[in-house]
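One structure is given here, and the rest of the page talks about it.
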């Protein structure tokens, strides 16, 4: 790992619901790894990915780990650039107060700019 | 237009198993093409179901493509750095010598051309590659 | 003769549209896995009086939907899921 | 309403690998519930990526569910007929003693509680079961 | 296999495009196995599954087997009840003459009846 | 600064809608795998003059689409795919 200290911007677009597939969990793993290696992380929730942020989840009923609990601790890892696509919320009849997480509600145009300014993008 | 404009370092991330989706086959063809054009592979990274590309315990019918063997040959021949995500691998039964010994499994399933390591290797690759491309 | 249909993907995958287009009166739809997100939002598709809609309790709880579910959709646990399979003559799984 | 109305013979077909989608976990919970209610399993059939449920070479973190082990225990305890589709299995690295010997692979990855066989076993199951349910 | 001679009706609904995923190929494998064991088979193409029937396919370009070649020989296996959903064709701007296969073009209502009359359904 | 987007699922998965909603002028979209079915049918989405559309020849041939492709979409082979990655500063893959 020759230049591990040079910081780049990694954006993660998380577009899938939790539990049904492991994509949401994989997004989290990449985000945490990037944070641990001191990269700048943008964590973007879009499409069904916004379902990950609903309050009151308890995945012990399906013998799984409750993903939102981990998402609530992202700031402890230094991940503070968290963005939620407003259109995706609206399409799912959700509002910010349905969510367990405080984050920036953004437009598609703002997401476009974040993606364009990233060195690499993981889109899951 | 299609010649090598300059030498570019790629990292190729494979998210899917062979035979289940086309993604692994596309990744393979892409990797071969970039090498033929004089670019470099900084790293191959097998993530999630992609780890199944590195199994050596596969038997494929004669009229079918053996993708695991194709990857193995390409990695050996071109001396590529090929990393398999440990979290993804071991729960999917992709096991190297060390894990096999530690858990007394009595078998190794990982091809010797790849090595198991952490997601840090993916982050390192995003730092040190010119382009990161994902197939899934 | 009646059929139980299970739908296990989120509404964005549009499986329910296709499922309902080949459903017959007396059939039932059970939402499981990410399919339970169908229960969180009232849509025209769910206003079909010839079809009975159910959803799986364990999957609702996991996803934080137990208090958000529409009243018109009945909740069953996995034992109820088995019973639905027994009560219907056939099973069609949409995934 | 939720008691056993009559004894019904189920075949449960699993199309997905554990950890990648929830389908295998749902199939497992469904199978346990039907047995608890006094119904029977005519056959478990693992197809496509579902064959990965029968790997014995898996290592799972302590705080995570080991689905392969859970299936193995359930199959053994309830003496279930558990069949893995041969076409799906061998190209995915799910190998029994016979295949391992024939191709000199030096390792077996299939749990001993399941056996590898053809799609004829799935068709037989559709003929002899009262209900066939698919999880994918 | 205690009662292998008793014939039941197996319907296969094939809803995915070929090559991108292996679902189309799996549908075929199940259909052929059912035919070999002398079951009555209904093979239904719906949604993106109708793409499987396009003429002029050649999957050697992606190191795969050309699925439509096998579909063209279904009658040799005694599979003659082949149905194509007309709505799916229309939505994809396709007409029967784009297809390599002669089969019954049916409505959703007809598919509903075929499914209801089946002993088991594989919906891939 | 420009980005290459790859889209690898059939139109029914609606990835292109989302991709185009965050695309910027000068970006390109390359259809690969089942994504090449986008090239078979003219849609409003493809009438975006700020974005260049490409499709992968090998995937068109496999699916019987080589003679059905819209004229407005340029065909590249896998070498051309590599070149597109080189010519753009970033890559976003939609799958």
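For the reader, a short list of remarks on this structure follows.
We call the chains A, B, C, D, E and F, going by the order they appear; numbering starts again at 1 in every chain.
The criterion applied here is as follows: a contact is a pair of C-beta atoms (placed from the backbone, for glycine too) under 8 Å apart; a residue touches a chain by one contact, two chains touch by 3 or more.
Computed from a prediction, not measured in an experiment: that's the story for all the values here.
Chains B-D form the pair with the most C-beta pairs in contact. Distance from the centre of subunit E peaks at A, each centre being the average of the chain's Cα atoms. For subunit F, the chain with the farthest CA centroid is D. The mean-CA centres of subunit B and subunit C are about 39 angstrom from one another, to the nearest whole unit.
The distance from the centre of subunit A to the centre of subunit D, each centre being the mean of the chain's C-alpha atoms, comes to 34 Å.
Subunit C and subunit F have Cα centroids lying 35 Å from one another. The distance from the centre of subunit C to the centre of subunit D, each centre being the mean of the chain's C-alpha atoms, comes to 25 Å.
Of all residues in subunit A, those that touch two or more other chains are 19-22, 47, 62, 64, 119-120, 123. In subunit D, 15, 19-22, 26, 29, 48, 64, 132, 134, 136 are the positions where the chain touches two or more neighbouring chains simultaneously. Multi-chain contact residues of subunit F (touching two or more other chains): 8, 12, 33-34, 58, 90-91, 93, 95. Residue ranges on subunit D touching subunit E, taken from their complex, read 13, 15, 47-48, 87, 118-120, 122-124, 126-128, 132, 134, 136. Contact residues on subunit C toward subunit A in their complex (touch as defined above): 8-10, 12, 33-34, 37, 40-41, 57-59, 61-67.
Against subunit D, the residues of subunit A that register as touching in their complex are 19-22, 62-65.
Residue ranges of subunit D in contact with subunit A, taken from their complex: 19-22, 25-26, 29, 63-65. Taken together, the subunit B residues at the contact with subunit F in this complex read 1-2, 4-6, 8, 10, 15, 21-23, 26, 29-30, 32-34, 36-37, 39, 131-136.
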